[in-house]
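Okay, so chain A shows up in both of these, paired with chain B first and chain C after.
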Partner chain A sequence: MRYLICSIALGGVATVATAQTELTLWYHGAGNEVESEILDGIVSDFNSGQSDWSVAVESFPQGSYNDSIVAAALAGNLPCILDVDGPVMPNWAWAGYMQPLPVADAAIEGHLDATVGRWGGEVYSVGLWDAAVALYTRQSTLDELGLRTPTLDNPWTLDEFNAALETAKTSGNYDFALDLGMAWTGEWYPYAFSPFLQSFGGDIVDRSTYLTAEGALNGDAALAFGEWWQNLFTAGLAPGTSQDPADRDSGFIEGRYAFAWNGNWAAAATLDAGVDDALFLPAPDFGNGSTIGAASWQFGVSATCEFPEGAAAFVEFALQDRYLAAFSDGIGLIPSTREAAAMTERYAQGGPLEPFFALSDAQALVRPVTPGYVVAAKVFEKALADIANGADVADTLDAAVDEIDADIEANGGYGH
Partner chain B sequence: MALVTKENAGLRLVTRYAVLTLVALVFAFPLVFMIISSLKPDQQLLQDTSSLRAFLPVGDISLDNYRAAFDRAPIGRFMLNSIFVTIVTVSMSVAICSLAAFAFVYMKWSGRDAALSIVLATLIIPFETIAVPLLLMVSRLPWIGVEGVEWGWLNTYRVQIVPWIVDALTVFLFVQYFKDLPRELIEAARAEGASWFQVYRRVVMPLSGPVLATAVILKSLKMYNEQYLWPLIVVQDEAHRPIMVGLGYFFQLNVAWGELMAYLTLISVPVLVFYLILQRAFIASIASTGVKG
Partner chain C sequence: MDRTLPASQRGSAMASRLTISNRAGWGFALPAFALITIFIILPFFFAFYLSLTNQRLISPNPTQFVGLENYRDLLGLSVITLGPERDENGAAVLNELGDLTYPRVRTVTRNPDFPQYRGMREWFRWRSGENARVVIASDVVFWKALANTLTFVFFIVPLQGGGALLLALLINQKLRGINFFRTIYFMPVVISIVVISLLWRFIYDGGDGLLNNILGALSFGLFPPVDWLGQPETALGSIIVMSAWQAVGFHMVIWLSGLQTISPTLYEVAAIEGASKWQTFRYVTWPGLRNTAVLVLIVITMQAFALFAQIDVMTNGGPLDSTQTLVFQAVERGYGKQDISGGSTISVLLFFIVLLISLTQRYLTRDRS
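== the complex of A and B ==
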């Protein structure tokens, strides 16, 4: 009997010693089989590799993911680990949905700047990859139009870019000189087009204070950007907001556009479709340097999570180069470190997408790091669409500034 | 003269059929496009959209999109969820709303007219305006299950069913219909000693086939086709998601158009079967209510 009691007691101790605390993880990739498979693999490796934590994944469709998070925050039902789109993170941190992520400095050393989300001087989120936008064209197009090949060190100037578009248009070989992807809406507009504004010298908000958009979005530089932007459509150089999504997907591949402003996620499909001489060129320099958007999806920890150390343990585990490389090979995005890039098929030295890593490293500028970005981004999107459709540039930008400033004021400056 | 009249009648008939055929084709085009597109690879699908080929099963035709769609999303689970939620909600809705309407029309109680006005006034309140308060409420409601009392209804079927059982439109449909039934029947039943519930069950409901069909059809379409926002915010668990939330699985960075069309075709099947079974009632319900589902 004594032996039996001891056995039960020891068994109980053993059970406690091996019990893992479950951490829920919400992810935006439902429906993406490859992405889900890789994430499930990482989670499986993590769960079986230690005895403290067990991560359970719940995936959501990307289009409704943010709404699900906000609803869960209202209902007090947030998971422990969540993933968050880089520019949205400050808003969630400010709103109290997230807490700082206690990852070790060594775990994020050497990562692309934009893959580490910081707010209030603390790390809140870390990404396994980044995304970059480039100017797609063909070598044969440049040869045919007699254009030089721009480089990171020597990108096209505003005049050169305008001349390239005009030359493509007058050649008569294309439906449009440039495909900007106007068929895509939402975050694509600030992500892809605000770098043009920044290259002109403007911005969505004044980053020195984050308390106003005055001067940044309606100053001289912004007006010059707005006039240039409108001319792209009035001069018939680019398709406008009525562009068919199907044209966006297949127009460049089929040779109907000379240039396309598109992300690295579309590059593999372009090459696979037989565009053998595709070139991924750096953003033009419109006077204030060349910039492209940055910061993609990142892991963070919710404010209600009782085990941030467990969340950090998982994130640090997921940041291993082999997993960054696996994600990159699987879904085509840019790995966060050079070491991981070297392990990939596409981003390694000499790989077909190697230019994107260099672009991300050299030209990336994160979108305004402020909780107000979520609203400002929508205002910016509408303003650009309106200008593309012929609205007065100065009036539209002034109205956008008023709307952004009113939102900042209504939210008490968003903590800045 | 008679010959001319016959010719005219024939011409009118041909013209009428031609117009009707044209209208039928216009309405059938989206369905045909959806089904045909579900059989084509994305590249071909996008190329064909600019021509009549979009409506023809030509080129590289296969069922690959269906296979891929099943791999991408648990379609069977989503469809079962939607069908289950729809059947339970509609069944409870017609039972409770008809009972409420019965009380509003036949029973006399103080505040009846005011209560009916309040119920009908909710018709003008968009769901979006009450979604957040409702979310806060259901996230804290108790439930007595096999394991005792649980708190919070999130990630369950009941949270997708209970808030939708009673709605003003269904109550209104029954109220309007009950008002037109002969009062003498109810008074005779009451005079013979029937209870109110017996009058409802044995006299009123057996005469209410048309309004029952209308209510079932309108409510079913709403529950099956339009449940997006609510499940999006109250169901985080994939096992309880309905078909409309499942649509999002196909909108990745590059939309899987062919698979999306396959998914839409599959989830349309129950609606089409439902329509074919209740075709006559469907047409009668639209004609009688002037409301489109």
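== the complex of A and C ==
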């Protein structure tokens, strides 16, 4: 088709010699002006910089983006290039919505591990950024409570962390010792809290086979995690599931919480609000190493796209450090490469958010890479909410295991 | 007139009236008929078919026919009996509170000796002598959702219907500025339920929410703040009150239209006869509202069974499943957990429950004259 258009153009009117093949791109960021501007900038640079491809962007609100993709796939109307949330990618790849992204190895060399989405041994998606979670506190809080400053090499242990929370509580200076962000339902729970479980030695599913959650989500390590988790709420250390979202946004800034478990996207707002001695501490080590969640939105190519090489050309183009840096400066995300990080205002050496890049680099563990993750994440979220509200730990985790296993079985093992 | 005709002719008269002499009527009914067929009747049959398969939302695997398996998974119930824990002498072990202790249910449900109970969970239990009888279900969340939905319907029907009637009687007066009150009472109906749910989340906030502040001020600080949506005991009740408030204006208008069909001469007669206010209501107003009452009753019941948005925005079914409802579960399974067949099965069951209740109501409120 492309050649046909080209030959007609050449034979007919000489001025249309640069006929480009159009590739549609669906993006989840509708409503975010800064984000759209940066993306539009990359697209117009790409379209004017070469003569083979022309990318056209269509943006969707994030809340309905996944539904739109599923609906389009059922109707056979998928765009050529789409963006996909990291942990969801295996689900779409397995369902046949996506095909491998033929991006050159050189283009993703040196990128943070979690920004490259792999399934079945092939690259399916690549991200321009990652996100990281840290334990927010203030230097003044640590001084006041007499606590040592944990580091990447020497994070707090379980006992130290518990003692820190107890000290904060008994000081009487705070409404709650720790704000976990229980108001943020949805993907936040598995993203932010499953690393605690993994640090205890458990997991959402058994990653050696991906065929069962038995032992991983209800073994001894998981039970220990569950008891610890429940105690945070019964002992009044953390606000529970009925937390007001407004308290989540402003509680730490106003000094009502001693510690907050929050993402890098909230860091700029915290600093801007005048918390000038804010510290972004690494996750505690609960016995099995410190971990935080990883993998954010990434670009991939749909299964029905006839020109994967065009999609790959666009993704490679977008992966230039200056664009990674632009996204980071614009919307506060962690750029995928060290070089891009050096070009940003906040993540550069000495920048206020520099610790986050180190966290992503050192502690990131992607959520289970399986098509079944989408369902397992929902089950995990409900189990954590129930335990926080006082449900029996062992029974709740057993039930979660049963539900995840039944789903894996109903899907014929999800291709593992 | 029909009463004078023999039965056979009555049938044919009915047929001719429906098919021939009422062409305009059919013409008017057709658009609604077509829409209902496309968007309600066909999807229902589709849902019924899907509930007999293992259809997923996203899957490369072919759909298989599984018969009634989805219904078995949803409805499976058993009762098991647990004997108290005993020490080596055979005496029952008591805990520090002096109560009998029982082995955990998971010792039965996760025991290879009892494969029939595999995957089941405790719903509720009661004591029977020394033993505990435990009802275990293969889908506890479904049963809790069913119980919550029925509780919601049970309370919302009198609350919303009665409240609406009260408001309708209040605004059915010729007073200066009555339209102002009509507008105020009707306002919640035209605001999006999502917006209302978000607002009520702030009202019910456990720390410094409006409700806690008001109760605290009225009791001079004696009333301790309650986490209305955060406790299993208060969450469903909070949602019932908020839902009743939201839709009461709609039913108020229906009652009002009923009130205005009652002839003023009846009230004049009642006044001349010296009827008290209560007697007027009991013997003039209420009989005149009979058909309206049936309509309001059935509409509220059917709407109440569809409870979804408030749950989705305010509680997500929690805490501890105390606000799970059938429609919320149907959506959660079908889209959240990508299990279209499971969601369809709940929808089909819900359809039959609502049908049964509506038919019963229709029978009980039939015109006996």
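To be clear about the criterion, the second predicted complex is superposed on the first by the 400 of 416 C-alpha atoms of A that agree within 3 Å, B and C clash if a C-alpha of one lies under 4 Å from a C-alpha of the other, contacts with A are read in each partner's own complex, and residues count from 1 in each chain.
Just so we're on the same page, a contact is a pair of C-beta atoms (placed from the backbone, for glycine too) under 8 Å apart; a residue touches a chain by one contact, two chains touch by 3 or more.
Quick caveat: nothing in here was measured; it's all calculated off a predicted structure.
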Will chain C clash with chain B on chain A after the two structures are superposed, or do they fit?
clash
Looking at A:64 after the superposition, I want to know if it touches chain B, chain C, both of them or none. Which is it: first, second, both, neither?
first
Quick one: classify A:72 as touching chain B (first), chain C (second), both or neither.
first
Just checking: does A:369 make contact with chain B only, chain C only, both, or neither of them? Give me first, second, both or neither.
neither
By the touch definition at the top of the document, which applies to A:411: first (chain B), second (chain C), both, or neither?
second
With both structures fitted on chain A, tell me whether chain B or chain C touches more of chain A's residues.
C
With the two structures laid over each other on chain A, which partner does A:390 touch: chain B (first), chain C (second), both, or neither?
second
After lining up the shared chain so the two structures overlap, which partner does A:33 touch, if you call chain B first and chain C second: first, second, both or neither?
first
In the overlaid three-chain picture, which partner chain does A:107 touch, first (chain B) or second (chain C), both, or neither?
neither
Could you look at A:378 and tell me whether it touches chain B, chain C, both or neither (first, second, both, neither)?
second
Steric overlap of chain C with chain B in the superposed model, located at which of 20-28, 164-172 or 344-352
20-28
Which chain A residues contact chain B in one complex and chain C in the other?
67, 244, 246
Residue ranges of chain C in contact with chain A within the complex:
54, 56-61, 104-106, 109-110, 119, 121-122, 140, 201-202, 205-207, 227, 229-230, 232, 316-321, 332, 335-339
Please give the residue numbers of chain A that touch chain B in the complex, ascending.
26, 30-33, 58-64, 67-68, 71-72, 74-77, 244-246, 249-250, 263, 265-266, 269, 273
Per the touch rule above, chain B residues touching chain A in the complex are 42-43, 46-47, 49, 71-73, 132, 135-136, 139, 152, 154, 232-234, 236-238, 245-255
Quick one: which bits of chain A touch chain C in the complex? Just the residue numbers, please.
67, 70, 73, 91-92, 94-97, 175, 185, 240-242, 244, 246-247, 374-375, 378-379, 382, 385-386, 389-391, 394-395, 398-399, 402, 406-407, 410-412, 415
